[in-house]
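Next up, some structures in C-alpha cells.
Here chain A shows up in two complexes: once beside chain B, once beside chain C.
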Partner chain A sequence: MRKYIARRLLLMIPVLIGISIVIFALINLAPGDPYTSMIDPNISADDKRVMLEAIGYYDSLPVKYLKWVGRAVRGDLGYSIRYKEPVIHVISRNLGNTLLLSISALILSVVLAVPLGVISATRKNTFFDNLITVFSFIGLSIPVFFFGMLMIKFLAFDLNLFPISGMASIGQEMTPLQALIDLLHHMVLPVTVLGMVNMAQLMRYTRSSMLEVIMQDYVRTARAKGLKERVVIYKHALKNALIPVITVVCISIGYLLSGALLTETVFSWPGMGTLVYQSILNRDYPLVTASTLVISLFILLSNLLADIFYAVIDPRIKFD
Partner chain B sequence: MRDADSSCDECPTQSDPVQTENSTLKTVLNKIRNNALAIFGLCFLSALILAAVFAPWITFFDRDHIDMALISQPPSLTHWLGTDELGRDVYTRLIYGARVSLSVGLVSTCISVLIGVFLGAVGGYFGKAVDSIIMRTVDVFMCFPFYLIAVVMAAIIGPSILNLMFIAGILNWPKISRIVRAEVLSLKHREFIEASRALGLSSGKIILKHIIPNTMAPVIVYATLGIAQGILMEAGMSYLGLGVKQPIPSWGNMLAAAQDFSVLVAQWWLWIPPGAMVFLSVLSINFLGDGLRDALDPKIAE
Partner chain C sequence: MKKSLRVLILIALVAGAAGAAFAQSGKSILKMAMFSSPGGTFQPAFATDSYDFMITRLVFETLLQWGEDGQLQANLAEKWTISKDGTVFTFVLRDGIKWHDGTPLTAEDVKYSIEYVGHPDYKGARGSFIAAIKGVEDFKSGKTPDLTGIKVLDKKTVRITTAKTYSSGLLRFGKNFEIFPKHIWEKIPVGKALEATEVLRAPIGTGPYKMVKFVPDQYVEFARNDNYWGGKPNIEKFILQKTNQNVAQALLLKGDIDQIILTSLTKADEALYKAKGMNIKSLSYNAYQYLAFNLTKDIFKDKRIRQAFAYAIDRESVVNVFMEGKGSVANNPYPPTFWAHPDGLKEYKYDSKKAIELFQAAGWEYREKEKKMYIGGKPAKFTLKYAKGNVVTEKSAPLLQQNLKDVGIELDLMIMEFAPMFDQVKRGDFELAFVGQGNEMDGDISKFYYSAYIKPLGENSGGNFIRYSNPELDKLIDGSLKTMEQKERAQIFHKIGLLLNDELPVVYRYHWYETIVYNGNLKHLFSPYAGEYYIKMQDWKFQK
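Now for the complex of A and B:
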C-alpha cells in the first residue's frame, strides 16, 4: 500500500516536469516582454540592456527554464504587470473564491447525483429512469455559460429572485450573519450552474456503475437468501457501486476548477476564472501563466487523490 | 464485465473483412433504429448539415448586410429572428453560423483522432520507453484545465477559426490515445497479429493494416462525442472573444452579444437562438454517440 502510494508520487514527477515545460513554453511564446512596461521609458537603451541582462533576460532557454523552476519552487511565480505586485498575492486573493464555488458545486452535485443515479438504476427503463436520463443528457449538452445567462435573465432579472452577479451586495452595512446570508444568496445561481453539468455526468456514472453491480452474482445470492430488496441495494450493492464513483468525484474537481472559468465570467464571480480572463484582456501574461500552473497543480493533486482513494477503499486492488 | 460476443465479433474480421464490415454496419443500423433518442439526434444533425450546406438558398438576406435603419429589431415576418446591433438578419447569420460551428467540431475532431490514434497505437504496440513517454505526455495534457489552457493558447497564437480548430484538436487527443492504447494492448498478442509478424510484415504495416482498423469501434464513438466538444469549445471561446472574429458569424460570437447586459435582459432574439442551436446540436450528437456506443461496443465506460 505504502509502496503503491510512493510509486504514484514518483509517477507524478515526470508529469510535473511536463506541465512546467508547457507552461514555460507558453510564457516564452507570449508576445512582448513583460519588462518594457516596468522600466522607466527615459532610461537609455544601453542601461536597459544592462538591467535586462542582470535579471537574465538574454539567457539561453534551458538556463531560463532552470532559473524559472528554481523561483517557482520557492513560490515566486513572477510579477503581475497590471496589479504591480507578485502574482502569487493576486492568485491567493482569488483562489479561495474559486474553491468556494467549485467545492459547493461539487457537494451539490454529489448529494443530488448519487441518490438519483441509484434510484434510476434500480428502476431501469421506468418513466423515472427515462426522465433522469433525458435530464442528464440536457445537463451534459448545455453550454455552461448559456445556462448561466438563461438563469440571469429569467431568475435574476425577470423574477428578481437572486442577485445578478458578484459575490456580495455593495454599499451596505451588514452584520456577519447578514453578510453570510448575502453571500449564500449570491452563490445560488453560479453553484447551480456549475454543479448542474457535473451532476449530469455523475448521475450517468452512478447509474451505469450500479447497473453493472446489480447484475453480479453476489447480489443475486443476497436476493436468493431472502434479503429485503432495500438491504440488497443499499447495503450490498451500493458499497461496490460507489467505488468507481468516488474516483470520478475526485477527478471532477479538476473539471470544476476549469469549468469555473466560464461560470465565473458570466456571473462576475471574483475567482481564478475571472482573473485569468481579465488578465488576458489586459495582456498580463505572467499572471495568466502562473494561474494556469496553479490550477494544473490542483488538478494533478485531485487525480492523485482519486488514485489513492481508489486503492484505500477497494481492498481488491492489488499493489504490484 | 468482459462480454463474449465482442471477441467473437472481431475474429471473423480477419478472415473476411468486407463481408463482416457490411454485417456490422447492418447490426449497428438495426440497433440505432430502435433507439428513439439516437434517431432524433441523427435527424436533427442531418437537417443542420443540409441547412449549413445550402445556407444561401434558405436565407433571404446577405450574411453581412448592414442596415442601420433597422438595428436591434425584434423578430418580425421579414426578419424571422430580428436583427442585431448592425441591422444584420439574425436568422441568416444563425444558419451561416452552423457552417463555422460544425466545421470547427469536425476539423478539430479529425486532428485529435489522427494524433490520438497514431500515438495510442504506437505506444501500445511498442510498449516500454516509447509507451511511457507517450503516456506521461497524455497525463500532462490531462492535467491541464481544458478551458483555461485553450484560452491562454488562443490569447498567445491569436483568435481565428483555424487556430480554434488547432487548439481543440491538440487538447482532445489524449482520451482517444488512451482508448486506442488499451485496445492495442489487448490485440497485440492475438494470433492474427503473431501470424502477420511471422509472415514478416513490418511493424508499420501491422499497425496500419491490422491493429488500427480493429480499434475503430470505440474511436468512432469518441470522435462523435469529440465533435460535440469542439462545438461547445467554439461557443465558449468565441463568447469570450477569443475564437471566431466578426464579421464571420458563429454561434459563439453571436452569443457574445449578450456580454452586453441590456442585450442579455432585453434582446433575447440575439442570444437565445444561437445558444439553443449549440445546445440542440450538442444534445443530438450526444444522443447519437450514446446510441453508437450501445450499438458498437457495450463495454465502453465513460
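Now for the complex of A and C:
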C-alpha cells in the first residue's frame, strides 16, 4: 500500500514537468505581449522595448523555460507584471477564496446528492424518482452562467434576500462575528449555483451505482435473511455503492477548482478562476503560467486522492 | 444525512436574515462600479492600466484642470505665464496645499514628478512625455544629475523651458503630469520603484480623497481628505467596487452602487434608469472610429474613390440602430462638442447611386446588368480586417459588406484578435480596416496624419499607418505647432478638419459617447469631457 502511494507520487513528477512544458509553450507561442494591448498612444517603440527587455521577453523560448523552472523549484514563481507582487502572494490570496467556495459547494452537493440518489434508486420509476431525474437533467444542462444570473435576478434582486455579488459588504465597520455572518451571507448564492450543477451529476452517479448494487445477490440474501429494508439499504448496499461515488467526488474537486471560473465571474468572487482569466487578458505571463500550474497540480492531487481512497476502501483491490 | 441538511438550511436562513440587517444607507458612502480590478500600480509615472488610472487620477492631482467652460483652469497651480515665443512656462502653486500625510506641497515636488520619467533608470512608459523640455538628452544619458530645463525658482514657483516653441505646453505640463511626493519617492531608487509594492499600493497625494484600503480583485476604499485645499468634501467615503458588467445594472437599480460609467446604453435600459429616477449624462469622447484605406495601394489614391466609399456606407444606421443614438456620425476627426470642430463639413449622406457615379468618374467600371464593379477589367474585391471585442464594430462589418455589395463591390470579412490585427495594420498589411483612435485635447492630430512619421511597408508605422502624405496638411500642422495663440490654433484646426473632410484619407464613421448613470440623489456631479470623472468631487453631495 505504502509502496503504491509512493510510486504514484513519484509518477506525478514527470507528469507535472510535461504539463509545465505544454503550458509554457502554449502561452508563450500565443501572439501578443503584455504591452501591445495597452493602447497608450504615448508609449514609443523604444520605451516598449525597454519594458519588454526588463521582463525577459526577448530571451529564446527554451531559455525562458529553464530560467522559470530554475526559479520555480526554489519557490520563486515569478513576479506578476500587473500586480507588481510576487506571484505566490497573488495566488495564495485568491486560492483561499476559491477553496472556500469549492469546498462548500462540494459539501453541499454531496449532502444533497447522495440521499437523493439513494431514494431515487430505491424508489425507481416512481413519481419521486422521475421528478428528481428531471431536475437533475435541468441541473446538468443549464449553463452555470445563466443559472447564476437567474438566481441573482430572483433571489438577490427581486426578493432582496441575498447580496448580488462580491465577497463582503464594503465600507462598514464590522465585528469579526458580523464579518463572518456577512461572508456566509455572500456565499449562499455562489455556493448554491456551483453546488447545484455538481449535485446533479453526483446524484445521477449515486443513483446508477446504487441500482447496480441493489441488483446484487448478497442484497437479495440480506433481505431473505429478514433484515429490515433500512438496514439492507443503508448498512450494506450503500457502503458498496459509495465506492465509485467517492472516486467521482475526489475528481470533482479538481473540476470545481477550475470550473468555478464562471461562477466567480458572475458573482465577482475573487478566486483562481477570475485570476486566470484576467491574467490571460492582460498577458501577465508569470501569473498565467503559475496559476495554470497550480490548478493542474490540484487536479493531479485530487486524482491521486481518488485512487488512494478507492484502494483503501475497497478490500478487493490488490496491488502488484 | 438529513439532519446535516437541515442544519445547513438553517445557517443559510440565519445568514440571510442577518445580512439583510446590514442594508446600506449610502448617504455618506459613494460607490462606483469598475468592471475590472486595478493591478495596484498607483503611481502616476508607472500606471498604464486604465483601472489604475481610476485611482491615480483621484488621489493625485495635476497643475491645471478642466473647468465648466471646457478650458483649463487653476488647480494645484494658481497662476501661470507663458513666454511670447512659447518656450518658457512658469507655474505658481497655491498656498497651503498639503499631502495626505500632512507635509506641505512645494515646487520641488512638481520638478521631481515631471523629470522622474526622464531618469536614466526609469522603466515606465512615459519617457516621451518630456521630450520637448530642454536638457532631456543629457538627463536621460546621466550627464546631468537632474533635468536642467525645469527650474525651481522658489517654494511655490517652477519654470519649465522647452527646446522649441511648444504650443501644447500648457496642456502637457498642466494636465499630463499628476504630481507625486518627492519626500516619499526619492527614498526609493528609480530602477527599483516597481518592486516597492507596499508604497505603490498606499499612494499619498493631494486629492480630495485619500486611499484607505486596496483589496485586490475586490475593491478600493477611500476616505475624504479633511484638509483638502478645495474644501472639505461632503461625502465621507468613496469606494470603487469591482463588479461584473452584466450584473452592474442590477446593483445600480438596487442601490448597492451609486454610479456606473458605460460606453453603450440601449434605449430600453435608459428608459428603465430614468423611470427609477437615475441621472444620465452622455459625453462625447474626443475620438472617432473610421474605415482605414491602405493608401500605398494605387486604387485608393484618387480621393474620389474614397469619397465614393463614404457615400456607399450607411453610417447613420450604425449610430441610430447599433448604438441606439449614443453617438454621432463623424465627418472629420473632431467631435461636434470639441472646440476644434469646424463648421461647413461635407456630410456624405448615404447614397449608393452617388457612390457608383463617383466610382465611375474615377475610372472604375460598373456593369449594370451584373450589378458588379470592375477595376481595370477585374471584379472589385477587398478584404476588411477588424478586431473582436467591440460589439458595434462587429455589427458594422456585415453591414459594410452589404453596403458594398449594393454598389457591386465584394467584401471579405476577416475578424481577428485586436493585438495581431493592429500589428498587421501598422505594418501596412491590409486593404481596408476598422480602427478607432482618440484626439489630443489640444487638437493635435499630427501623430496620425503627418507625413514625416511614415515608415516603409513592413515596418511598424505607428500612428500614420495609413501612410497618408499631403504637403498642404503638413504645412498646416507645422503652423499649428508654432503658434501659442488659442484663437489662431482654433482657426488652423478648423482648416485641418475641413481639409480632411474633403480629402477623406479615411472614411470617418462615428464619434461615441460615454454615459454616466448615477444615483438620482447625487448632486453637483459634473464632467466636461469623457474620461474625466472626479472634477470638483469635493462638491458632490447626496441630497435627502
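To be clear about the criterion, the second predicted complex is superposed on the first by the 282 of 320 C-alpha atoms of A that agree within 3 Å, B and C clash if a C-alpha of one lies under 4 Å from a C-alpha of the other, contacts with A are read in each partner's own complex, and residues count from 1 in each chain.
By our rule, contacts are C-beta pairs under 8 Å (C-beta built on N, C-alpha and C of every residue); 3 or more make two chains touch, one makes a residue touch a chain.
These figures come from a predicted structure and were not determined experimentally.
In the superposed model, A:Gly171 makes contact with chain C only, not with chain B.
Of the two partner chains, chain B and chain C are each touched by A:Phe157. Look at A:Thr265: by the touch rule set out above, it reaches both chain B and chain C. Within the superposed three-chain model, A:Met149 lies in touch with chain B and with chain C [touch as defined at top]. Judged by the touch definition given at the top, the superposed model places A:Leu29 against chain B, while chain C stays out of reach. In the superposed pair of complexes, A:Gln278 makes contact with chain C only, with no contact to chain B. Of the two partner chains placed around the shared chain by superposition, chain C is the only one that A:Arg82 touches, whereas chain B remains out of contact. By the touch criterion defined above, A:Thr206 lies against neither chain B nor chain C after alignment on the C-alpha atoms of chain A.
Of the two partner chains placed by the overlay, neither chain B nor chain C lies in contact with A:Thr122.
For chain A, the partner with contacts to more residues, out of chain B and chain C, is C. In the superposition on chain A, the residues of chain A contacted by chain B and by chain C overlap at 31, 149, 152-153, 157, 265. Residues of chain A touching chain B in their complex: 11, 14-15, 18-19, 22, 26, 29-31, 134, 137-138, 140-146, 149-150, 152-153, 157-158, 201, 204-205, 208, 212, 248, 254-255, 257-259, 261-262, 265, 273, 276-277, 280, 285, 288-289, 291-292, 295-296, 299-300, 303.
Touching chain A in their complex are the following residues of chain C: 1-2, 4-5, 8, 11-12, 14-16, 18-20, 22, 24, 29, 31, 36-37, 39-41, 48-49, 123-129, 194-195, 197, 200, 215-219, 221, 237, 239, 241-244, 246-247, 250-251, 253-254, 256, 417-420, 422-423, 437-438, 447, 460, 462-463. The part of chain A that touches chain C in the complex is made up of residues 31-33, 35-38, 40-48, 50-51, 54, 79-80, 82-85, 90, 93-94, 108, 111-112, 114-115, 149, 152-153, 156-157, 160-172, 174, 178, 181-182, 184-188, 265-268, 270, 274-275, 278, 282. Note for the complex: chain B touches chain A at residues 1, 37, 136-137, 139-140, 142-149, 151-153, 155-157, 228, 232, 235-236, 239-240, 242, 255, 258, 264-265, 268, 271-272, 275, 278-279, 282-283, 286-287, 290, 301-302.
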